[in-house]
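Read from first to last, the chains carry the letters A, B, C and D; within each, the first residue is number 1.
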Amino acid sequence: MVVLLLLLIPLIGACFLFLYKGDHRFVAAAALRLSIVSLLVMGASLFYWNTPEMLSFTAPWLTTLGSSLSLRMDGLGTILSLLTTTAYFILFWYLKGRTIERPAAFFAWLLLAQVGMLGVFLAMDSLLFYFFWELALIPMYFLASQWGGARRIPVTFKFFIYTFLGSVFMLIGILYLQSKTADHSFAIESIRRIRLTNEQQSWLFWLFFIAFAIKLPVFPFHTWQPDTYEESPTPVTSILSAVMVKMGILGLLRWLLPLFPIASYMWGDVVMSLAVAGIVYASFLAMQQVDLKRLIAYSSIAHIGLIAAGAFALNQMAYQGLLIQLFTHGINILGMWVLADIIERKTGTRSLDSLGGIAQHSPTLTIFFVIIALANIALPLTNAFVGEFLLFNGILATPSNYYWVFAVVGGLGIIFAAVYTLRMIRAIFYGQPSATSPAPISLATHEVGALVVIVGLILFFGIYPQPLIDMTAAFSKELFDQTDITSLFRKS
Amino acid sequence: MPINYYLFLAIALFSIGVVGVLTRRNAIIIFMCIELMLNAVNLLLVAFSKMHYNQAAAAAIPIANPGIDGQLFVFFIMVVAAAEVSVGLAIIVMLYRNIHSVDINFLNRLKH
Amino acid sequence: MQSSFQLAFLIPLLPLIGFLINGLGRNWLSKQWSGLIGAGTILGSFLISLFIFQAVKAGQGEVISYFDFIRMEGLRIPFAFQIDALSSLFLLIITGIGFLIHVYSISYMHEESSTSFARYFSYLNLFVFSMLLLVLGSNYVVLFIGWEGVGLCSYLLIGFWIKNQQYTKAANKAFIMNRIGDLAFLLAIFWLIIKTGSASFQEVFDFIQANQGTSKFSVTDITIVTLLLFIGATGKSAQLPLYTWLPDAMAGPTPVSALIHAATMVTAGIYMIARSNIIYSLAPLTLSIISWIGLATAFLAATIALRQYDIKKVLAYSTVSQLGFMFLALGSGAYIAAVFHVLTHAFFKALLFLGSGSVIHAMGGEQDIRKMGGLSGKLKITYATFLIGCLAIAGLPPLSGFFSKDAILLSAFLHQPLQYGIALFTAFLTAFYMFRLLFLTFHGSFRGTPEQQAHLHESPALMTIPLVILAILSVAGGWIGIPAVLLQDADWLGNFLAPVLGSTTHEVSHATEWLLMSLSVGGVLLTIGFAWFLFRHYRATESRGILRFFENKWYVDQLYDRVIVQPIFYLGRILKEWVEPRIIDALVNGVGKTVQLAGRQIRFLQSGQIGSYVLLMVMAMVVVLLVQFFIRK
Amino acid sequence: MSISAILFWVLSVAALFSALMVVTSRNPIHSVIWLIVTFFAISGHYILLNAQFLAVVNIIVYAGAIMVLFLFVIMLMNLNKESEPARHRWLQLAGGVSGGALLLVLVAALKDTELKSQQSLLLEGHTGLIKTLGQELFSTYVIPFELSSILFLSAMVGAVLIGKKD
């Protein structure tokens, strides 16, 4: 039941805001309250309402097609829902008191996107999954194309077509799987019972993988991303990169790996190569960027490359690290976007060339930035460290002949991440104050609050990551059992 | 005569009509070719009607008026053809009044 | 658990609290309070360390676990401290010398605004905290946490004067170079975890000792792990090929240099390898690589130091060189000698850096020794202590450097006589450049501006007292490890560290030992005399030939720039300017363009001409009929 | 060869030839005339097939009414000259080839049908008589018949409406 509640709160909020015609200031406050309610419900589901009955919901939906409204919160769903509600809360708090054109529609679209993303995270029916997958895309299209930058129209068009194309492949795969099930059902349990040959697995794997690879994005399917991140309004970008890319990872973890484990092993080398190549490639590009948002976008591609490589490492350590990283990456990148937004708004530029010397007069902002940037490069005692530690550990234990290549090349990303992150800090904050930022940058209370929450999460989970591990331990075990190559080959 | 001969004759007439439709640009002649195609079909229907009659007669099956449906179909086709021609010619006349030509190459309004 | 061990958590916690107070209260705290908090917390840690040291001396070490950092199926990494002889000794070095540097800093940094004064002390405390975490950790992960923390703090402190982009560049360089080593270190940890299922020192060592050479942990595994760990150590401890950050790290305030070079940071690599001595003892190949790299670094850095004119640069290269000596000792299997040298080096290098800080302070920020000279008259205490430091580093008895360096040379001699020869020569070079520095700075005539001359003064007590204490330690610090040949049963340090590092018994006759000692002492004395002859009166000379090569630091920075930095930069440019927009994105857009183009072509079929529609229809009919009647049959 | 066979061949050749002339004549008037000839030949076939009523109706409706309508239209619009520009050569060729291909395919498809033995040409039977047809038309097919009258009515109205000058 509580899962339905999680979906209904933002949905009702979105509907209400679409119809709302009143005071602008009320809108942001209402959205903030709504996000707090969501977060509270999420928290309650963690601590009080955590019986299996509360955490799942099934209702007839398209019964003639064999699809039902089946939602369930497992370990993966928990951590991603937690990320979604937390990220929305932080973002809405940060946006409080901000003047946005047509705020009601803006927040309504954001909330609708939240519905879509939560739906994707919780759906246990493949058609429902697809439905939410597309539902999440539509608000993003409108947000980017109506509130975006100068080149927003071609960029969002590309974004939409690209991701949509990917998901069409996935739909073909879903329909094929449904036709193969014994009871002609879209439910994940029925799909799991299908015995697929290796060849079937192989091409179904690619149908699904393309969709997820574009969403993630994995090199070389990434070109929509920097443009979209750059042109979207930064709050939208932050949701895109903090929460939305997790849809692709969820796709890998819930649909791709457990359904096609043999194919995942067979194509694992190819995908891992793409992923680690993407890490290095994106890092190289990040080192060259002058635009702050583009830089963060490429760094995000590099991080996602690591996560994707971890998904195909096919061992429990990597899964565990990946699941933690889902949350921590979301929080950290959200922090980066919020800071980028602050810098852009207060100095009027995003160019590293024209920024400089902010640390001289705005130490508070600098401290926040440095902490979050260091979390982004996974320094120990920040939250990302444990995730990346386990991820790399898992990658080195990949059941592949090239495990050490993947680990070393992927590891170069650690070095390059330091290079571009420190370059960014140096260009923005150090040196003499530049013309764009002659005066101290003052932060409003709610902005500081949002940043404090982020930094608090970074430090808390950096020092004591065990709650995140416990939350996802069962899921990673289950996933590993489903994809354990040695036992799979022993069986067949 | 074997029914095949009628079949081939009808096909030949029909194909000539098709070729006419494809090669001519005068709307009226195209229209006439369509009439020709209709008549080819009519001829075939009548031939099959006769065939069915003969079959029934040879097998001494006691049906009233075997093969009569085919002839009635031809009748109805003629009715419809007549109606079609009246409307079609009216359209051609109207077109001619508007564009002073019956050349179908000028009738590319479907593009827009 | 011994009662004093229960306080162990306070040792790193106090500096952390100091960091938080100074960091968060930087806008409200006065300079006195910041300094007091900064130095006081370290003093507290030092006192507790003393207690713990006493307890360790009395009994055995202990592992204290606080909570589980990572706990999952098949892997448990506790947040635990290991207290034994090695870590308690390092605790003393870090907190003791750290405290002196803190005290010194209060005076040295007094010109900063109170905000950045507090910021400075918070960083300093964080630095000490990280280093304490590093030596206290009972497993590689906690060690790594401290390891990275040290890197971060060095980054923050090297770039402390953030206005100067040259300094921040040096900070970036330090952090990135360290990261290269960190990657190797991480890979080693992963390898250990995968193979042994644990990261705790004790479990890992037990496992390896039990399974070495079997398929569970083959000889290759040992070599790979030890090599990777060593690469990690080269980053942190500034060895070839990752040493170039350390001389640049002089950009930071001078006490920070003292902290980095003496008490913290660079000794981390030595500590880590000494800690892992059980694995290293099983890897002779790695050991010989370590000894050669250490020796090469020692020699290279010493030659560079010959022709440097920045007072801090000379000291920096001498640090690199001394670290090379320590690695030589490690590579020769003389772990105790290495740790001994860490200890004595901490004393005299801290002394030398703080002394140079005192000189720079007196000179109003001037660091070029060509513009100094004759300072011995005005800066008496500084001169005296600096002289002691130079004598100690040159290795003259009975100063501390003599004993530790002698232990290293002896082990090198036993291990590989060729290495001994080079090491001895390098030791002479050390004496030479150090006394060149001393003579150029304190002797001869003053070569600076008149204003500087007027400004010359001895530093305040807060700065000189640490100098005096360190000078005493530099003299006496070596007496805890006097070899048996000089004094029977005086090798207290060796006995103390033996449970952790294993005892070293030399199979060498006393006569040989006497010979080696007199060789090095005699050589050093001659070298000092030579330096006195050359540099008593400074004449500016153009470097030529090999000296020019040394002055330009063997062109290593330029080489790295050409071979690594520039290619990466240009590759990035190519990727950004060409590959991304013209290949990958062009492919993507190309697919879109193709569809558009195809649409445009197909649109011609939709001509609106009835004729063509009919034609197509007939064709389609033909095709359908063909399929229907001929193909499907 | 029986007389009916001779008639069949003569009428067939006439029908095909005149149909070809319909398509190939440059002058629309000639086309109309040749179409009338075709219809007459087809009517002859109807008689051979014992469909006397249809033969008569064919002549009255097609050759009489419809073709006269065509003639009127052509004359009214003064299209009786060879004004039509030839179509593009390739299009013409494509049209001819397509039509020919259709012919070929259909013939090839149907040449092996089992209907070969059926004889259709017999001068007997009363199916095509007006009486039989009338009875059937007004009993079984009465509703389609009435519907066709509505069709006619609407066609008339339509033709008038379209043809009206606006």
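As a convention for this text, a residue touches a chain if its C-beta (ideal position, glycine included) is under 8 Å from a C-beta of that chain, and two chains touch if they have at least 3 such contacts.
None of these values were measured; they are calculated from a predicted model.
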Chain labels contacting chain A and also chain C: none
Inter-centroid spacing, chain D versus chain A (mean Cα positions, whole Å): 71
Intercentroid distance (Cα basis), chain D paired with chain C, Å: 103
Distance between chain centroids, defined by C-alpha means - chain B, chain D (Å): 6
Chain A and chain B: spacing of chain centres that average the CA atoms, whole Å: 66
Residue list for chain D, restricted to those that touch at least two other chains: 87, 91, 94-95, 98-99, 102, 106
Where chain C touches two or more other chains at once, by residue number: 611, 615, 618
Chain-to-chain touches, reported pairwise for every pair that qualifies: A-C, B-C, B-D, C-D
Residues of chain C touching chain D in the complex: 611-612, 615, 618-619, 621-622, 625-626, 628-630
Chain A-touching residues of chain C, taken from the complex the two chains share: 26, 67-75, 115, 119, 141, 144-145, 147-149, 152, 155, 159, 162-165, 168-169, 171-172, 175-176, 179-180, 182-183, 186-187, 189-191, 193-194, 568-569, 571-573, 575-576, 580, 584-585, 587-589, 592
Residue ranges of chain C in contact with chain B within the complex: 606-611, 613-615, 618
Contacting residues of chain B [partner chain C, same complex]: 18, 21-22, 25, 104-105, 107-112
Residues of chain D that touch chain B when the two form their complex: 4-5, 8, 12, 15-16, 19-20, 22-23, 28, 31-32, 35, 38-39, 42, 45-46, 49-51, 53-54, 57-58, 61-62, 65-66, 69-70, 73-74, 76-77, 79, 84-85, 87, 91-92, 94-96, 98-100, 102-103, 106-107, 110-111, 113, 115-122, 125, 127-128, 132-133, 136-137, 141, 144, 148, 151-152, 154-156, 158-160, 162-163, 165
